[in-house]
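Listed next: structures, encoded as structure tokens.
Presented sequentially are two complexes of subunit A, the first with subunit B as partner and the second with subunit C.
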Partner chain A sequence: MKSEPVLLARVGRERSQAIDTYLADGGYETLRKVLTGGWTPEAVTEEVKKSGLRGRGGAGFPTGVKWGFVPKDTKGKPVYLLCNADESEPGTFKDRLLMEEDPHQMLEGQILSAFALRCHTSYVYIRGEFFHGARVLQRAIDEAYEKGFLGENILGSGFSHDVTVHRGAGAYICGEETGLIESLEGKRGQPRVKPPFPAVVGVFGAPTIVNNVETLCCVTHVLKRGADWFAKIGRNEKNSGPKLYCLSGHVNRPGVYEAPMGLQMKELLFGDDYGRGMKDGRKVKAVIPGGASAAMLTAGEIEDCPLDFDGLAAKKSMLGSAAIIVMNEDTCIVDAATNLAKFFSHESCGQCTPCREGTPWLHRVLSRIEAGEGRAEDVELLEKISNQMGNGITLCVFADAAIAPVLSSIGKFRDEYRYHVENKRCLVGPRAAVEAVTA
Partner chain B sequence: MTSRRYAVLPAGRPAEFPPDARARIERILSRYPTKQAALLPVLWVAQETWGWISREAAEEVARILELSPAHVSGVLTFYTMYNLEPVGRHLLQFCTSISCHLAGAGGLLEHCRRRLGIDLGQTTADGRFTMVEVECIAGCDRAPSMMIDDAYHEPMDPSKLDALLESLP
Partner chain C sequence: MSAPAPPAPAAPPPPKKDTLTIVFDGKPIEVPPGINLIEAAKLAGIEIPHFCFHPRLSVVGQCRMCLVEIEGIPKIQAACTTPIKDGLAVKTTTQKVRESRAANMEFLLINHPLDCPICDQAGECKLQDNAFGYGEQRSRYDERKRQYAGYDRTAIGPHVVADMTRCIQCTRCIRFCQEIAGTGELTFLDRGGRTLVWTHDGKPLANDWSACAADVCPVGALTTKEFRFRRRVWDLKKTPSVCPGCNIGCNISIEDRDSVVYRFLPRLNPAVNDYWLCDYGRFLSESLNAREISKATVREGSDVRDAIVPAAVERIASEIRSTIETDGPSAIFFLGSAHLSNEENFLLRKIADHIGCGNRDVVVDRSRVRRMKSKTEWIEGDHAGANYAGARDMGLSPGPGGHGLTDVLEGRWIPQIVVVADASFAAAADDAEKVGRLRGARFLAVAARTANSLTRAADVVLPAASLAQKEGSFTNVQGRVQWFQRAFLPPPPARAHWELLLLLGVALGWGDRNWTPAAVRTQIREEVEGYDEVTEQELAGGGLMKKGLFVSTGAV
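For the complex of A and B:
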């Protein structure tokens, strides 16, 4: 049976964005409890650590542990908190929903997190395309200032905090936390060499924590209902809490679904409360479980596949941003891989040679296979190029992300690639989806 | 939906922000510890003022933020949402990333191309529409998703698009 939603509890309700409805639902009571109830920043961090909350942006790093990396003595420098609202991983659309529908849930988590970090200035780095989301968020921030939840001496606690919305302008790489930091500083969003990590040297040369929208929303609930409550939700203590899953592709009912961490993939695809099965009764061919950067899984691999960090790592893929993209048996895997390669080729920031040169090269070779001009050696060539791009030889994980769909699709559908090269056409017939629309 | 109205930027003369834009820039500057950090937001103000960012506008931004024009140019060309030349009254942005692709974004794009008789990056002769392709815009559950100017239109299909193209000024 489906559990009561936590993160989506208010989504879809009338005026869910407004502060009066949020207050009527007990909103900002947690902030009041923490700021005026004798909590120390250390106690807040400890509670978040105890909850087992892992970052919801993609990497799954324990949030409380990340906070703990900020040096005790910051040598007079301020600490910055940046909310990563640059949601750009293909297949991901949960943060857009959270911000457009319930901005105060996130904002309360952001102020609570800032308190834990002794941070007085935070920014929400929101992707440029979210015009509406940025307006909703700004209105929420203005309301929070009016009610005294932001600004000087919040609720008489002596703690002060300012939040500013900072709009991006179209660049996937700014979702990488040091790319985001560079962009916020008014530069090209090219990732930095690490170490030093942002918790030590981040934006404006000061200690900085970057947390995803959904992560900050979770912080609100960890502190509202306690770490033990949060830790008990989910498959085990290392994969805890409520989780949003972005389901798209060839299913009957795509959408954002909330479930305890570790929901079975089959349940998400076929369950009555979720995807309700494959469109037109087709069969599953492949599933991308964690956004474009995650290795594809075959229909066989989605049997007994808990959707959480460790469950997908065990299948040599990743939960990533929990973007589950379903492809049916009519999908040409070479065509899908070509589309993903186009994305990475377009979005490479151009800083590291293997990635800058490798991503367009992969796209060119895949395009010619897809176009029926593949050469006998092309499949091996794709693997060779990929192996020269990955395994941490670049400044950030973008190159590894770019090769994941290529290597996994070749590894799991090699016959289809081979057929494409030898017969100069798709194994599964014409590009059905395109033709259906143009007909 | 209303069509956008922009101030006309005289060619070859230095750009000057109107007073309301100047006031916005001052407010933006008060939110950051460095002037450089205000670059992306101030470029947005420039685009909202003139509809695109000319060389003259970029130089004015550089002057206000005490940055080199080369730095501003480097940033400007890195991000895809700043218009480096004038665009039509409506910017048609087609998402063609994986989920939209699986839902037939390619066919939708082709349909629009044929209907308007222009290619990606081009503007119709009457100046109404510019067509561009964009990467995933987080509308995957309502694929194929697209944006016209600042607003999402999803899911989109050829007949809905035809009706929209008809109705837009």
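For the complex of A and C:
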């Protein structure tokens, strides 16, 4: 049974991007209610806390709690809000849809969040490749200024706010919040030493909150329909609200789907409202549940697998950016791991020794195995390299993300790696067949 | 039931400490606030291996070498970025720490050429040292090593040569240019395993302190054109000295082998030059090897003849004596130098006093104005001679009714005899007109190491020592008296200026042949205002502000 969409309610409607259709659908009423209805910033933060909203950018940190980390006394410094629209996690394409199809939903959430933070300037840091999205967003911002939802003294409330769109230049690491901050300051995009955390010292040395696009969209609905309504959606109060799932891979109907938090993985893959089963009727071999950084799950593990923060943490993986990548039985797992390792090797910012040196090393060893030049000790070597890179010894969690696909694929498909090393070819997939014929 | 115990008296608030207690491997140690764990460990005598941390550069936590365990925190932590707190218990010797260090060393070495025998950094390389101290013997890396074709053996500025294949991406050089020099020429290019350091848009690394980027580079990725491949560093002897380049008086190490100076390196003095040197001063090192005046010479009519030093000195003394008889002592002019030590300038002034002559001076040379960053502030130099203040303090200004250098150079006064204590450095020395004015004297005597118009014009030339070949003290622009030591002896018959001056003094009936610079300093202490507290120990410790303001120079 498919529930009523919240975040995607307006997606697909004609001219869903335009402010007149948004206003006709009751848009910006929530902003008016909050700004002119006697709400205090603290009350807004409290409402968001009560809703149980957890960040949709990857880490799942409770949004209201994060806002509470901004010091009461900012020592005369402004507070900044940054909307993280860098969306570069492989397999993830939900923020793009939200921005391109319903930009005002996000803007309203952004202004509401800014009000809660007493923030007068916010930025949208948008992935450089999202050229269309940036244009749609800019048009929406211009419209919002025209109608008085942005700028000086919004709706006569005394609250003023400006939003600026900043386009990235093509680096995955600029999605990490401190890398994003450096990049926004015009510097090389590389994560910062923490502490201090951005809520205390962020962009331009001032307290800063970074929130994901989908998170900000959720804020609009929390305030529109109340924290209690939001908290009731989902599997439990710790995993609440509507959620977008990015389904890709060997399924019949890949795409972005909305469902209450905690949708069963099997439902997403096979449900009529969602993926409609595996392409060509093949079997599931492995699923990456939360973007490239999340540990792979086996076909067995996706039984009773609620897609939410705690459900996937229980399976030692993570919801991450909710990018569900499905691989069928013909997928060579070494090939898949090599592909992911290549991505991480390409995207490491290069400041930390273990990540700078470890990511290309992993990729090289994996490529060697994939090319049929693996050695008996290579699989163990991969595990050892990974363990030397992980466990939080680096400046950001990128290194831990980079090893997740390697360690999980070896842990769960060790025999396939072994076969690869011993027989110098894939166990399954097109390359296995070709090799078998020519061998 | 027993009676309730009387309420315990409120515990007095613990006395406020201005130090913090950190426990390293079970041993508590008091450390001052404001330092980080690497520095604190050093105070405890414990080395935490590191690459990217530098005491004067921002803390970036990039190399991940300084990992330690901290009680109460499950994850291993980078010592350089861990906020320091009272009572922190740090473990630096656990298995986890040892394994993490070895792992990090493995990562650092997989793409490193490991050709130390042909790398100029060998012997003073942090990578070599840490690999030896904390690495494993073997690597499991069996792939092709990374190379930066086109980025090796390439000059990136007038002094610095880059070998990017050796770079360990610690960003010290980048941070030096950004944070100390303030010029920001260097940056990371590309990312991940392809990250390298280069200049922005290929513009040269050409700030006034550019070679410091090579100093802070822990490996052989940045070296200086001037020193590269000239000597293995373990062959070099270090002697504490003071830069002769200007009156900031940066503390240097003169590094020599077999009496040849190969380089100057900065010697830490937080109050003066901290960890730095300017390129101009640093690369004066080679100039110390010049030796053009290697014998004493005496002019007889149109002939210039070699002489032994005592005979040449006696010739000067006899000229002075006869001039005193015919024209009185006020026909003689003594020119000291901002390049000579306090001791030497003092001796020169005492000789003038002894014969009753008030005509004395030093060259004022403001042709070089340099800047240097101490730990806390920028120091502005305003004189090209390292000891301008000292020369003045020692009394090298015209006495009452006496004449000075401008009187001679502007033709207002022609002395009978001119004694130039240091002809090698005098700015006027190669200016034909000025030399002509000095040569207007009946008799011109100079001491020098290098030849110029002045030495060629002189009647007596005495062979003098270089900075490396003598001991003494300079007083810098701050009023800080600093000691320089002798690295090696001057080649006979050349002698230190102070020895030549003592010979002259004795020939004129003043002074003692056996005095040393230390003995002269005793007299300076007694006679010169403001120098009474400059003890030998304090000089050895890094310099004393005259007038007794002591500034500690303990290593950081």
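Worth pointing out:
Throughout what follows, the second predicted complex is superposed on the first by the 429 of 439 C-alpha atoms of A that agree within 3 Å, B and C clash if a C-alpha of one lies under 4 Å from a C-alpha of the other, contacts with A are read in each partner's own complex, and residues count from 1 in each chain.
One rule holds for everything that comes next: a residue touches a chain if its C-beta (ideal position, glycine included) is under 8 Å from a C-beta of that chain, and two chains touch if they have at least 3 such contacts.
Note that the coordinates shown come from a computational prediction; the quantities given were computed from them, not determined experimentally.
Touch criterion not met for A:32: it reaches neither subunit B nor subunit C. Shared-chain residue A:315: touches no atom of subunit B or subunit C. In the superposition on chain A, A:394 makes contact with subunit C only, while subunit B stays out of contact range. Judged by the touch definition given at the top, the superposed model places A:365 against subunit C, while subunit B stays out of reach. Within the superposed three-chain model, A:139 lies out of touch with both subunit B and subunit C [touch as defined at top].
Measured by the number of subunit A residues touched, the leading partner among subunit B and subunit C is B. With both structures placed on the common chain, the touch criterion links A:246 to subunit B but leaves subunit C unconnected.
In the superposed model, A:193 makes contact with subunit C only, not with subunit B.
By the touch criterion stated above, A:183 is placed in contact with subunit B alone, subunit C being left untouched. Contact with subunit C, but none with subunit B, is seen for A:345 once the two complexes are overlaid on the shared chain. For the contact definition in use here, the residues of subunit A common to its subunit B contact set and its subunit C contact set are 171, 188, 346-347, 349.
Residue ranges of subunit A in contact with subunit B, taken from their complex: 87-93, 95-96, 127-132, 162, 164, 166-172, 183-189, 204, 246-250, 254-256, 288, 292, 323, 325, 327, 331, 336, 339-340, 342-343, 346-347, 349, 431, 433-438. Against subunit C, in their complex, subunit A makes its touches with residues 171, 173, 188, 193, 195, 345-354, 356-361, 364-365, 368, 381, 384, 388, 391-395. Listing the residues of subunit B that touch subunit A in their complex gives 31-34, 36-41, 43-44, 65, 67, 71, 74-75, 78-82, 96-99, 101-104, 106-108, 110-111, 134-143, 147, 150-152, 157-158.
Per the touch definition, subunit C reaches subunit A in the complex via residues 59-65, 67, 75-76, 81, 83, 100, 103-104, 106-108, 110-111, 140-141, 143, 146, 168-169, 171, 187-188, 190-195.
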